[in-house]
Every structure is written in structure tokens, then in C-alpha cells.
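Chains: A, B, C, D and E, in written order; residue numbering restarts at 1 for each.
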Amino acid sequence: MLRLLSFALFIATWWIGSLLIGDAKLPAPPVVLATMIAEAKSGALFFNLGATLARVALAFTLAMALGSAIGYLMGRVRLANRLGDPWLILLLNLPALVVIVLAYIWAGLTEVAAIAAIAINKLPTAVVTLREGARALDPALDEMATVFAFPRGRAFRHVVLPQLAPYVAAAARSGLSLVWKIVLVAELLGRPNGVGFEIGVAFQLFDIPLLLAYSLSFAAVVLIIETVLVQPFELRASRWRLRAA
Amino acid sequence: ATAYSAETIRVASQKTGTLAWELAVIRSHGLDKKANLAIDIIELASPEAGKIALRAGNVDMMVSDWPWVSRERTLGAKLQFYPYSSSLGAVMVPTSSPIRSLADLKGRKLAVAGGAIDKSWLLLQASLKREGIDLKSQSTVVYGAPPLLAAKMLDGEMDATLNYWNFCAALEAKGFRRLAGVEDILPKLGAKGRIAMLGYVFDETWANANQDAVARFIAMTRGAKEILATSDAEWDAIAPLTGAADAATLRAYRDRYREGIPRRPIADEEADARVLYRVLAQIGGRELVGSAADLDSGTFYHAIPGD
Amino acid sequence: MQLDVEITGKQFESAAGERHDVLTGIKFSLRAGEVGVFVGPSGCGKSTMLKILAGLDHDYRGKVSRPAAGRLGMVFQEPRLLPWRSVEDNVRLAAPDIDRARLSELFSVLELTAHRSHYPGELSLGLARRVALARAFAVEPDFLILDEPLASLDDALAARLREEIATLVGGRSMITLLVTHNLDDAVRLGDRLFLLSARPARILADLPIPLPRGARGEAEIAAIKASIVRRTNGEPAERDAHR
Amino acid sequence: MLRLLSFALFIATWWIGSLLIGDAKLPAPPVVLATMIAEAKSGALFFNLGATLARVALAFTLAMALGSAIGYLMGRVRLANRLGDPWLILLLNLPALVVIVLAYIWAGLTEVAAIAAIAINKLPTAVVTLREGARALDPALDEMATVFAFPRGRAFRHVVLPQLAPYVAAAARSGLSLVWKIVLVAELLGRPNGVGFEIGVAFQLFDIPLLLAYSLSFAAVVLIIETVLVQPFELRASRWRLRAA
Amino acid sequence: MQLDVEITGKQFESAAGERHDVLTGIKFSLRAGEVGVFVGPSGCGKSTMLKILAGLDHDYRGKVSRPAAGRLGMVFQEPRLLPWRSVEDNVRLAAPDIDRARLSELFSVLELTAHRSHYPGELSLGLARRVALARAFAVEPDFLILDEPLASLDDALAARLREEIATLVGGRSMITLLVTHNLDDAVRLGDRLFLLSARPARILADLPIPLPRGARGEAEIAAIKASIVRRTNGEPAERDAHR
């Protein structure tokens, strides 16, 4: 309910803003919606959105899985951290553009290169977040698990994972947004389809309604996933936390 | 259909670029079949993507400029260039602007598309320098992405813009005044005529191995250019590709495009390129042209029959 | 099955970097079926010793030979429950093989039946400690370590749980270590009573409690307690030795 | 020591890689170093690095401060979260390009627009991370602070902040890297100097040594800041955590 | 200065969504200088009540009027120290105005002098509880709430700290609430003794302890204890009423 209200508020702000600033600088919601519908009707929206979502899903999963594992290791094993840290900082601070260009040059303008480049861009931020999470793990619970001879899997699932959950959530949310920002660059530079490609075209044509239509479509998809999937799950997973009085 | 399979040429094309228009014409008129070529179009969204594609080996051919090709050659990458378009940028001002000549740009806010090493920008500086004006220090220069600067011009945030020809055409259609085209300043710098800055770029070894196919490709694109040069109806057909918002814009695109079809012998093009190369190097385009003082001699591709 | 302990030294390094001794001379053996009770001043090193015996800390001087293949059950000094798992799940995770009937019985003895589905955050401290007890009992341990298991419980409940511990200990041939500040618990449950010095802890006295657990009447218990009180009060200088 | 070793390993890997792949696709370290030195001698490196660092510092500080505050609020006050969440997801999933273009359109091709656009891009990821941190705060310690009548400032500094520290660290590290990725786009699109501008030039020329020279200079700056400033501080701040046995 | 309490109801909603009563009839008053002691079965609602009285929980039915401008000192059932601050800082943060001499005295009485610069993670549970006590004492409270303050301490130390609490209470005119499972502590420290029922807690009996604290000899204490034990054992049915 409140979410809906807040969403309505957003649309209202936008609309008023566009009235004040002028349609040329900020197209009103109906204009963008019309563009969105036109693109949807032609099938281009779904085609491009689909292509991008597939890339996002792949790169995100890859980077989250690998990044979480590395981050966990670096947070727990001091040697791993010492060895990995300079690489991490380097990777963290390599511009997306450079990584993508190099990936395309080495592996060709292929889907694999694109996804790998995106994943490499996201990877270090997942590492950094999960590393903090692993460092903050409670040793008392570890000891408990050792005493009661929890097998590795059980200890991970029931002792470690719930402690990492907030870090995973943070890494996932900000990570998804990062992947999305970078997939656009990757598509701009070397893919023949996808939202990034269309946004590049829209930018060249300086077609702001088109630009917004594609941007907001993705945001809408994420909004729906959040509302329908992630947040109910999160609510369930954090039920044990006492509501503040 | 021929008995043997057609040779394939992979071409990188920016979706909003003029090459895409020509390729559409080629397709719709079956010019590729007539040339016995299979044109594999790799659609890309940004101009730089073509360079990546060529370097990564995903395409055989892309469109870029000869200063870059020469620079690459001095760095060891043996690329070659064949003229494709002599459409050049222009300086645009609002209709009512008090700016009457290039010299009036002094002290104004000038939006330069493509950054500090843009060829048109360097040439403009060079020509004004001969009049004793150092535009870089005597006016407020704003660099930025071409579409953004065009939009800024429409807003009135800028006094003038030096932009790519297609954005200039769009501005023209919106009533902006063309202060001067870059081709207008070329003679002052020693060039004999309109020069084709843009051209097809490809690997030298590949071109030598596929001389015949390259020749057929060039002939085929000339055919397409001829159609676009003569048929107005054809422009209506490709209108959606151009992104032209209205008929006026489309007309401006058409006229500027037609002007930009290169028609000079390649030797003349090369001679002018030599001259301009020195100008560019002199004005501080070291970054652009690289360490060599002269245009690399193998830059232009000469194996097209009839040139 | 036997526990042989000889810890000659254990040091901690504080965050500031200074090292200090926590254990010096801890040497004893316990056979299966025996309950060793440790009594000593607060902060002397009891929990540290238990951690070493539980195999959680290997950074000490000396030698500990633990019952090899035995299951370990432990009640830590704090409950150490998983806050994100229900009471029942906390127990089941430690003892996945426990059967329903035994689990229900345990919960009922510990008066936890009404709290099976609660999360630890919804429990009082006393309830949480009982869950920790349930968990340790549920694994049916061969080696049971109890660090003040009956603190924070009211007397009536504590007495009943003491009986429960006695039953458990009597029913299986296991080695039990109990740390407590309650002499009553010590004397009622222990077979051997170890008095520890102040930090660094060493065993001051190793007092066997002669009668079998079942045979101790109130009079005997009072007598044993009195003798112990006499002993501990005889050494008042020890406690502040570490200052 | 170990860090140095790891760093050496990185250079070695790179060098060998460049020997295998070929100089055209991956220039060897000395080539890049030479470019770096040439740029440094001409002063261009420091000038551009300085300009970019100033933008990064400003945008980063702005986004971290604001984002942390908002995230903290959303983590603690349920209403704030409900209201802010759709906006957050939207902001999170707006492409950098779109935000930057819109900022330039509305606020002109100015420094302010650039910094605001970068900050807006980074803001939501800080919010998301700090929100998780605020949610994970221990209510027991809050109660303690209330009972002992800690004034607001003292409670924040001594009770809340240390609990948020790992989240702040994660947000800062991954945030810095995000800001850095985005400042390049902003400079590419509408600033007359900075590393992004130079990278744009290098990219137009397809000059990979130049591209790498600028990218790595920034990474080197961050590496130095990390080694000299951040990590010693972090070590001090987490002294209370028991080293694992 | 007076404390007037009338809590007619307090409910908790569990994570699963069911509501259950924790407090029903809690009604009493205490004047300055008085020590009210609460004794009741584990999990009956004592800590919940203390939280309400400390002003930490406003979600209850009834009315509590607390001493208005007074300083509050509290020992929670768990230590609740800031893990990232040293022992000394933990105390100083709660009581910034404390002077050096008093702080040193407190640490010395509580035998914490050697641990001033340690972090809570480096303390034994008993030490940590003592730090919590030091913190509560350091604020020089007008209203002192103690939730099992002497648990996890050895008898000798506990006895000395009991004396210290008695001194503190005697020296200042403050209101003290004490929850304990230890009848000895209750009788030695309290002025009024409240027996609580099992959950949902209500006051079963309100027993004034007639003699002033200083005047109670061992014989009187034993007598009072005996009478209380008689009372509590008279009502065995209560405890499992909530099942």
C-alpha cells in the first residue's frame, strides 16, 4: 500500500518536474509510456530487455558466486587476504571501460567476452562486502558448531550463512545495480542488441523518451522482482529479528 | 544465385551511422548479390565499438579516419584506408547570433564535439591561428559528447558548436545557421579540395588477399551512393534509419550526405591528406597523429581499378 | 575410555600485546562414569580450561588425551544458540538423530514445551540456558562439559535439573566435567572435586567424594561442604595473587 | 612484505601474459610505464589525475555522507523504508549514462552537474549497504545506551558506529570503485579534463598503453591510500576482535 | 521520590504471530531507600518487568510512575558491554563525570584492576558481569535495577559484593530493584520481598522484611528463609500453569 503510494508520488514528482522544466528536457510520463508501449508492440523492448536480462542474470550469478566465495575466504584466512588484497584493489579500481575493451580484444566481440567482462567488474565489490561479513562472524557460534561436530555443510548453512545474510543482501542489491550499469557499457561497445545498445542508439539520436523508456523498463523489472520475490523472502528470513519496540 | 558461394565480408556498422543507410540500400536493391558478396553486418551502438571489433578480429572492415590509420601504422598495425565520405563537421550558430565569421568566435562559448583531438577542431584552430587567433585560449571551449552538445546548442547554453555533420544537419533543420563548414577552411590550409576524412578501414594483409572482393565491395557501395544521390524516394525508404524527427531534418541529411560523396581521384585525396597531416601535427595533434612527422605512405589503399 | 589432562601452561595475549598466564598446573585423570567438578574464583581460568578440553583451543603447553571416538556435549557459560533457528531446530541441528519421543521428554523435563517454536531472542536467559542444556543432553554425549549449567535458574527448577543430570550421568558410562560456583551442586553431583587457585589457575586440591552419588544424604552433604569451606577459607591470600 | 610479493606476482603475470598474447593486445609493463612517465613528465598525468581525484573526493564524500544517513534512517524507521524503497530501487537501477546525461541537460555542462550525477549514481548503493547495517544493529546495546542516558552523539559514536563499521567499510570500498567507474563516464561525456577525458581520447585513438597508463595510475593512488591510511586505521579499529585461535 | 507500579497486562507477540501474556497483576510501591527483591520461577516475566520499569518498553497496560529526575543505573541479566571499548571506557562512557579515585576504588572492590584496559571479549563471564556492576555503581544512581547481579561469581566474591551493594544502598537514598534466584541474597539485601507466580507473572506475596539490613543476624536470616521456602513450596501447581 505504502509502496504504491510512494510510487504514485514518484510519478507525480516526475510529471510536475516535466511540466516545470519542459518536455524537451524531461519528457512527461505519458510520453515515455507511449514510447515504451510502441517499443513493446514492435517486440523490440522484450527482445532487447530479454537479451540484457539474460546477460545480467549470467554475469550476476557468476560474480556473486565467485565473489562471495573469494570474499569469504579472504575474510577468514589471513594469508588469503594478504595475498589477494593488492589484486582486489587493482581490480576494484580498474575502469569498467578498460576491462570491457580488453575482454573484447582478447576474446573477440562475443557473448562470453561480454559476460566475463561484466562479471569481472562486479566481482571485486562482492568480494569486498563479503570479506567484511566474514570478518564480523561470531567466533562463539563457530565454537558451538565445532563442539557439536556440525558437518561442514550444516555449519555453513545454519551458522555462517545467516550471519552473512545482510552482507549478501547488500552485495546483491548494489551488485545488481552495478551489473546493470556495466552491461550497458558492454552492449554499447560490442553487442548488437540489448538495452545498452538501444540506449546507445537513443543517445546518438538524443531521443530522451526512448532513453527513459528503456532505462525505466529495467528498473520496473527489478522493482517487480523485489516486490514479488526478494522482499517476502527477506521478511521470512529475518523473522527471528525482534521488531524494535 | 551463383553456383559457388559468395565471399563474405564482415562490416561493422554503427546503427545510427550513414553506413547503415547505404547497407540498407544495398540490401533492398540486391546489390550485394549482384556483386556476388555476402555482407555480414555487425551492428554496433558506438563509433569506438568498430575499432574494438576490427582489433578483436570480428569484422573485416569498419569506418574511421586516415589520421588514425596512419597513427596505427606507425605503431605497427598495418591498416589501410579507402575514402568513404567527405562530409565534414561545421560550426553552427543560432540564426540571430551576432557571430558573423569564424574570427567572431573569440571570447565566445564554443562547444566542441569529440574532444581536444578532434580533427575538425584541430583544423579550425590551425586556420584561425593564421589569422592570429588562438581559439583554444581566447574562447571558452566546452568538450563533450556530440549529441549532448547538439542538445546544449538547442538550449542556448552555447554560443556556437563545432559538431559532426549529421548533428549540424539536424541543427540546420531547426533553423540554426551554418557559420562555416570545415571544408571551407581547408583551402586556406593548403588542401586542393574537399577531403574524405572518413573511409573504410581494413587490414592490409586481408585486403591484399581479397583484392577482388574489396574492389567489388567498393563498386557496390558506389552503386548504393549513386542511388542515394539521385533518388529522393529512396530517402523516404530509409528515413526511419536516420532517426530524423521531421522532413526538414531528413532533407538536411540528404543534402549534406550528397555533398559528402567522395568523387576525387584517390591520388588527390592522398596528396591533400599529406598536407593536412602536417597541419594537424603542427597544431598540436601529436596525440592524434602520433610520433611520425608525415603521413605513413601505405595509409591509402590503391588497388581499386579505375582510381 | 579415559581423560588424561596435563596442562602445564596457557597464556593469552591481550589486544594491547601483553601476555599473561591463565593456567599453570592442571593435571588430572577421569575415568568413564566419573564426574569431575571444578570450583574456583571467578576469572581464574575455568572456561579456558574447558575450551582446551573440548578441543577448541590448541594453543597451550601440555598434553590432553581425550576420549577418542566419543560424542561431545557441551553447555557453554552463555547459551550460544543460533538466533535465527527455533528452539527445536537449535536442538535438532546438534542432534539430528534424536527421536521425537526423547525430544519431547527433554523439553518437558526442562519445561520448554511451550517454547519449542520460539526463536532464542524471544526467550528469557533462564529459558535459553535450558535450551543449551537440552542441546547438550540431546546428543547423548560420551563426554559432557558443563560450564555453570544451572546458573540463572530458580532453586526448585535447578534442583530438578540436577536430578536430571545425575540420572543422565548414572545411565551412561560417560565422562563429565562440571564447573560451578554452587557448592551444593558440586557436592551433590561430583565424584571428584578440584579446587582451583586464582589466576593463573592450578589445582589446589583434588578431593574425592567417597560415597556414591545416590547414597549421599543431607547430613553427609553438609559435612562435605563444611570441610570444603574450611579448606578454601584457609587460603585467602591466593585470590588476589594475580594483581 | 606479502603484499609486495603479491604485487610482484601481479606484474609478472601481466608481463608473461603480454608476451603470450602479443604487445598489440596487451602491452607489456615497461611500455605502459614508459607512457606513464611520458605523461607524468608533460604534467598531463598529474593534472588529469588531480582533476579526477578532486571530483571523486567530492562526489564520494557527498554520496557516502548522504547515503549513509538515508540508509541508516531506512534501516531503523520502518515508515522511511516503506516510503523510500521504490525510489531507492529506481535510483539503483537507473543507468549511469542516463543520470549523467539528464544532469548535464538540466544543470548544464558544469562541474556541479558532473559531481551531482556521480554522487547520485553512488548514493543508492551506500543506502542499500548501510540499511542492512542498521537492520543488524543489536537492540540490547541500544537499550543499554538508553538506560545509561547516553546523549545522542555519544550513543552514535560509541554504540552505533562501531556496529556499522564493517558496512561502512564495504560501502566505502565498493563505492569508491563505483564512483571511479562513473566519473570516467561523466568526464567522457562532458568534461574537458580528467582521467576519463584522457581515457576517452585514448579510446578514440585505440591507444591501449595510454588507456592502461591512466587506469593503473588511479589504481596505484588507491593502493597507496589503502596501504598507508585505510588499513592501519582498520587494524586499529578492529583490535577488539579476537584473533581466531 | 517514589516508584509506583501498576502493570495490569503485558503481551508479547511471537515471530509466529501468536500473542501470549507475560505479566498480569504487578502492583506495588517503593519509597526511596527501599530495596525491593523479586523472586520467581525462570521465565516468569521478571526481566520483562524490569525493562518496563527502566522505561525501555512502553507497550504494556497499566501505569508506572518512575522517579522523575533521577539517574538510572542498571545491571542487565547479561553484561551488555560494548565489545569495542575497554573495560574502563565502558564504565566511563556511562559515567563520564566519575572521578579517578572513585573509579579506582570501584575497580579494586570488584577485583577488576588488572583488567582495566582489556576488551570485553578478553574477559571471563564473571569478570564481564562485574564490569556491568561497576558501570551501574559508577553512575551513582537514584534508581538502581539489578537483574541477577551476582550470578556467575564465586561465593566469597559474591558475599563481598553483596556487602558493597548494601553499603551503596545504605549510603544514598535510592530506590533499588533486585531480581535474584538466590534466597540468601534476597533476604540479606531486601526490605520487601515479592514472590512472583509463573508466567504470566503476578505478585503472589509481598513480604516485608522487618529488621533493618544491618541488624539481621544469621539466625534471623535463616528464619526468614525458612518461612519463604514454606510459602513457595505451598504452591507447586502454579509453575506449570502456562503449559
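Operating definition for what follows: contacts are C-beta pairs under 8 Å (C-beta built on N, C-alpha and C of every residue); 3 or more make two chains touch, one makes a residue touch a chain.
Keep in mind that what you see is a predicted model, and the values were worked out from it rather than measured.
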Common touching chains of chain E and chain A: C, D
Chain pair with more C-beta contacts, A-B versus A-C: A-B
Far-end chain from chain C, centres as C-alpha averages: B
Distance from the mean Cα position of chain E to that of chain C, given in whole angstrom: 26
Length of the line joining the C-alpha centres of chain B and chain D, rounded to whole Å: 38
Gap in Å, rounded to a whole number, between the CA centres of chain E and chain D: 49
Contacts with two or more other chains, residues of chain C listed in rising order: 15, 56, 78, 119, 122
Multi-partner residues of chain D (each touching 2 or more other chains): 25, 101, 105, 203, 239-242
Junction residues of chain B - those touching two or more other chains: 48, 52, 55, 145, 148, 151, 155
Complex contacts: residues of chain A adjacent to chain D: 2-3, 5-7, 10, 21, 25-26, 76, 79, 82-87, 89-90, 92-98, 101-102, 105-106, 121, 124-125, 128-129, 131-133, 135-136, 139, 166-167, 169-171, 173-174, 176-178, 180-182, 184-185, 196, 199, 203, 208, 211-212, 215-216, 218-219, 222-223, 226, 238, 241-242, 244
Residues on chain D engaged by chain B in the complex (per definition of touch): 23-25, 101, 104-105, 108-109, 188-192, 197, 200-201, 203-206
Chain C residues within the chain A interface of the complex: 51, 54-56, 71-74, 76, 78, 80, 82-85, 89, 93-95, 119-122, 135, 139
Contacting residues of chain B [partner chain A, same complex]: 14-16, 42-46, 48-49, 52-53, 55-58, 145, 147-148, 150-151, 154-155, 243
Chain C-facing residues of chain E, complex: 12, 14-16, 39-43, 46-48, 77-78, 111, 113-114, 117-119, 122-127, 130, 148, 151-158, 181, 183, 232, 239-240, 242-243
